[in-house]
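Please read through the structure below; I'll follow up with questions.
Chains here go by letter, A, B, C, D, E and F, matching the order in which they are written, and residues are numbered from 1 within each.
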Amino acid sequence: MRSDSREADNLRPVAIQPGYLKYPEGSCLVEFGNTRVVCSATVDEKVPPFLRGAGQGWITAEYGMLPASTQKRTIREASRGRQKGRTQEIQRLIGRSMRCAVDLGAIADKTIWLDCDVIQADGGTRTASVTGAFVALCLALQHLKDAGLINSFPVKSMVAAVSVGILNQEKLLDLNYEEDSVAEVDMNLVMTNDGKLIEIQGTAEQEPFSKEDLDALIALAKHGIDQLFELQREVLPGLF
Amino acid sequence: MRSDSREADNLRPVAIQPGYLKYPEGSCLVEFGNTRVVCSATVDEKVPPFLRGAGQGWITAEYGMLPASTQKRTIREASRGRQKGRTQEIQRLIGRSMRCAVDLGAIADKTIWLDCDVIQADGGTRTASVTGAFVALCLALQHLKDAGLINSFPVKSMVAAVSVGILNQEKLLDLNYEEDSVAEVDMNLVMTNDGKLIEIQGTAEQEPFSKEDLDALIALAKHGIDQLFELQREVLPGLF
Amino acid sequence: MRSDSREADNLRPVAIQPGYLKYPEGSCLVEFGNTRVVCSATVDEKVPPFLRGAGQGWITAEYGMLPASTQKRTIREASRGRQKGRTQEIQRLIGRSMRCAVDLGAIADKTIWLDCDVIQADGGTRTASVTGAFVALCLALQHLKDAGLINSFPVKSMVAAVSVGILNQEKLLDLNYEEDSVAEVDMNLVMTNDGKLIEIQGTAEQEPFSKEDLDALIALAKHGIDQLFELQREVLPGLF
Amino acid sequence: MRSDSREADNLRPVAIQPGYLKYPEGSCLVEFGNTRVVCSATVDEKVPPFLRGAGQGWITAEYGMLPASTQKRTIREASRGRQKGRTQEIQRLIGRSMRCAVDLGAIADKTIWLDCDVIQADGGTRTASVTGAFVALCLALQHLKDAGLINSFPVKSMVAAVSVGILNQEKLLDLNYEEDSVAEVDMNLVMTNDGKLIEIQGTAEQEPFSKEDLDALIALAKHGIDQLFELQREVLPGLF
Amino acid sequence: MRSDSREADNLRPVAIQPGYLKYPEGSCLVEFGNTRVVCSATVDEKVPPFLRGAGQGWITAEYGMLPASTQKRTIREASRGRQKGRTQEIQRLIGRSMRCAVDLGAIADKTIWLDCDVIQADGGTRTASVTGAFVALCLALQHLKDAGLINSFPVKSMVAAVSVGILNQEKLLDLNYEEDSVAEVDMNLVMTNDGKLIEIQGTAEQEPFSKEDLDALIALAKHGIDQLFELQREVLPGLF
Amino acid sequence: MRSDSREADNLRPVAIQPGYLKYPEGSCLVEFGNTRVVCSATVDEKVPPFLRGAGQGWITAEYGMLPASTQKRTIREASRGRQKGRTQEIQRLIGRSMRCAVDLGAIADKTIWLDCDVIQADGGTRTASVTGAFVALCLALQHLKDAGLINSFPVKSMVAAVSVGILNQEKLLDLNYEEDSVAEVDMNLVMTNDGKLIEIQGTAEQEPFSKEDLDALIALAKHGIDQLFELQREVLPGLF
């Protein structure tokens, strides 16, 4: 039994509240247990220099944590004057994952900024961010389509993410912070709704893991991600 | 009639949700209309160098805005690499206001970090932050007292804040963003529950204002702040 | 009697030396007792991005202190790599105050940079800066008018500033550093020569203050500022 | 046939020159085709704050690129004032991979700094860095053991890394820059000499990939990494 | 005849006003024609880490320019967030020159901070800074000796500096900005009162110069520096 | 006899390996004994703002050290977030020296970036950098000429540099680190092949030096630099 009484292959209670913010074109509040992330998608009518005149749009992401979101207060990156490596790694992951699922040619000359801000962190903030950012992104794209600013809804597949890991040699789905901080193996998977992989990041924290472990972890992740797609469909009616 | 159908001397609907976060000793979500701020108070068992051995504690504040909290997306200060002057001004105001209301000798050798993070901004974020930070601070201090870590509840008076301003020569209470951005005079007041002033910051944006205007604005602010004290008392039962 | 033998309602000896620098369009050295500030106004033939094409000019201010200007040497902000919150607060105050007194439409497409650099600090550096910056600004605007670069002298009213405070329950005008560092209430007022307010910033450092205290402090400040207008008139002959 | 006339499952010519630098305890120059990286391991007789008194040592890595190492000159990060997200991601990967292979208890109270500096970049700089850093690390640890500063050679397994990818639907080993920049899938694997995984990072750049693709890529990577272990053994005689 | 009607081997009018500032232990205002620099020497009762316990003191310098000191307003380094290479080069030169003239063992465990802030720049700011910093330093050391904090006056020789250059093939002493900006060769010399060199920095801006040119420039500089020693002696009575 | 068994007037073994890098237009690896520097020259088809439309090109230099290049590991400037004063001083020296030897009008609208990265440091890194940068620069200019992008080979004279110094009152050529760190006088000279000076930077570290010492040091430097020109000619066949 896990610390929060879950079975090894159970997700934490997941909730997605669409339209959480008033100003951005798309937004949601996503919760994986105690992990709570505000995700938003804002449309900017220009592209970065390297894409000017390329007939393509761009999707980029930024990630942040409120100082009081963590068990021990985290120093504010704005006051520290730079973002940590972990922050940059996560925002690059979110951006890449979303760009992979969207036809960038269909949003030519626009940049969509995805902001994922962690209000409360209890493990899995990057997978909750990916899962929520996809919802915010779809809402913004739907808004653009409804406003006649793009011709079609340019999402090629659904995207969600979950963490899996090995703890005391047991394979667990959707680790909370307590589990994550002592896991032997920690893995994040971003997948599409046709069962393919967009990103896989697996790290042995103490002990290397075998190919068999990897296979089992991927199957476990897919089991969880399929449930996330169900939740996304509920808050994105008519889109998938 | 104002843009949101309020009378000139009406506050927007104000709500304070105490205990909004799991980890910090005190926290709340405060809403002034569409303005939404997460406030937290975290206790750190040390003081800044200039207070070491002084038999005093310290209270300091940090303020931030989510990029998507504003009508037009704001650049993330962590990514920009420094905090804006406005940010620093606001966090200095919050810190000073709280220190003025607390017996710092009673929290010797502790620092209380107040974090005010704006989830959604529609004017009045600094006054909502002061009003919410006071609630988070009281909850943290009550927690310290309940845990036997301090001997008494060291708050000398209640603290709340509101904005007032002059728009089209009319004096308005609790300006929203639309009003604030075109006001002729903009003023923020931090007051105590015995009707005294902790901070007054008044700025003529276009036209200088008279002493009579100032007097009327202060009276209007006091009218609003008294209602905020009622709301604070409700979420801090037994303390005031 | 005060530490420097002044009466409670006396200014320190104030001196303004116009044309102190060779290169900027306007400049002065302003002294309030031992506080000495070099103020300059430099004209730049462009405006910040948000004003391009708006038919308006801009006025902005920067403030700095020489490391050896203070009782204990201050770390150089250029070497530290960022400006302190206090610095940013003061430069924002100076800029706002000056913009309020000038018809920005009359200086379309120009930015005036006001630099206030403290050579020696003994309290009241921000009020001396405002008072001196106004002189430098007028000299630069007169220069622009004389050179035919603007059509009229676009200053709507004179601007000066002074500090007041409460120390040992006595209300004092123009606090020096020794007084300022232990005052119970500290207030800075920026006023116009028709007795109106441009900025009021009052802070209770230890004890909140009453509305009656506020009224008395404002009257005391007005008494001092009126004398500053006399001094400004002397160095700006024919303008006011 | 690939652009450099290799078969799909061929590594580029790989060379490792141990003892490349005079001062650090361990070093090498590693080449994967035109990719050339200087790797060094320097021993510091202290640990980061979070490990003080913990009876453990630490291994950390930094990564950099000479401006002229790339096809188009890259801006120097020291002159830009901050490291890119990519840089931070790579140095975190190198550090984690090495820590996983070493008994940190055996190097108590020491930090080993691994520096990987890319002299010339033609794809695969991060995998060359991991492969070379392991050699530099072993040389430094052997030096510590020979000097009697640690009791045993604390490396639990060999570590090497290679990239694999999918290009025009063909699976390729050890991508050069030309291939890497247009690959549909890009994957980096860090493995041990008993065939286990330390890190797997796979990214779909355009098209998501299937579990079958993943399996084939891992097998291909293992085929290449086994050859890297042979080369490491040659320059680390008697150690493995 | 030069632009300011000087002969080729004439200094500009030089003035040194000792005791210009109230707080630092030593200070002066130094003027070389229109170039005006505030120099100060502040004593700090500790040394940098690399000198702790070494029985030595330290002398270090910082240099800055007011934004309005130059013909065209210079961006404030504090607002830009970093010091320019030129600034760092000059402050290193000042520090080295002074350390060379003082017995550092006699000021054990103290650091003397020299601040040279340019109020107005018309060429030769670095040589004016060296010349003035020496005066401020001597005043601070004399103050330490008078206060019984050091046993002897630890200055081994007087130090002053001047610029020389070649313009239209003519050798000139003490270049002003107009001359400096178009000179073919620009040279700064720091010398002692027994005719020896502490620093020589000569730069061909367009045409390399011969050994004979160098010899003539050094003789010209010595001619000027000897006059500076006279002026220093006048404001440092009884010391040299 | 010197620590490395050289005579006082001997250079260390010097080697220059042209074409060391694949991508930049010119490059070399230069070695002065154990000092090893990678030098490259990259052509950029634009000029800095102050030269736009001026019919001139520009040459600028950057300098860096690998962290493990020094006896004790040096903190990476990219991770520290800013370049040290020493770094900026050296890169300014390299840039100025090269600009002096090239007809900038002949490379109109182009910037040549010189990067000098120290792989291993044993004294004399700045003089090795100048000597190697000249080779890289010539190779890049020859490349431009061969490609028809410039009309003539625009180098007016050869440039090389060496250090000299006084140690135990003996004058030494080409100091290694051990000598440099304890020298009484340290001097760097940049000269042309017709025996003229481009830069001279001499510093008394402890004792001022006489004009006679200066003359002897310059003669000694010329003796060494003449040998460097021979080596440059060998790797730049047909150019000089």
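Assume contacts are C-beta pairs under 8 Å (C-beta built on N, C-alpha and C of every residue); 3 or more make two chains touch, one makes a residue touch a chain.
Because the structure is a prediction, the values reported are computed rather than measured.
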Chain hops separating subunit D from subunit A, counting only touching neighbours: 1
Identified repeat of the E-F interface (over half of residue pairs identical), from C-E, A-D or A-B: A-D
Inter-centroid spacing, subunit E versus subunit A (mean Cα positions, whole Å): 59
Distance from the mean Cα position of subunit F to that of subunit D, given in whole angstrom: 33
Between subunit C and subunit B, distance of the C-alpha-averaged centres to the nearest whole Å: 28
Contacts with 2+ other chains: residues of subunit D: 81-82
Order of the ring members, counted from subunit C so that subunit E is second: C, E, F, D, A, B
Touch list for subunit A against partner subunit B, complex: 21-24, 27, 34, 38, 40, 42, 44, 62, 64, 66-73, 76-83, 87, 113, 115, 117, 119-120, 122
Residue ranges of subunit C touching subunit B (in the complex, touch as defined): 82, 84-86, 88-89, 91-92, 96, 100, 157, 191-192, 194-211, 214, 218
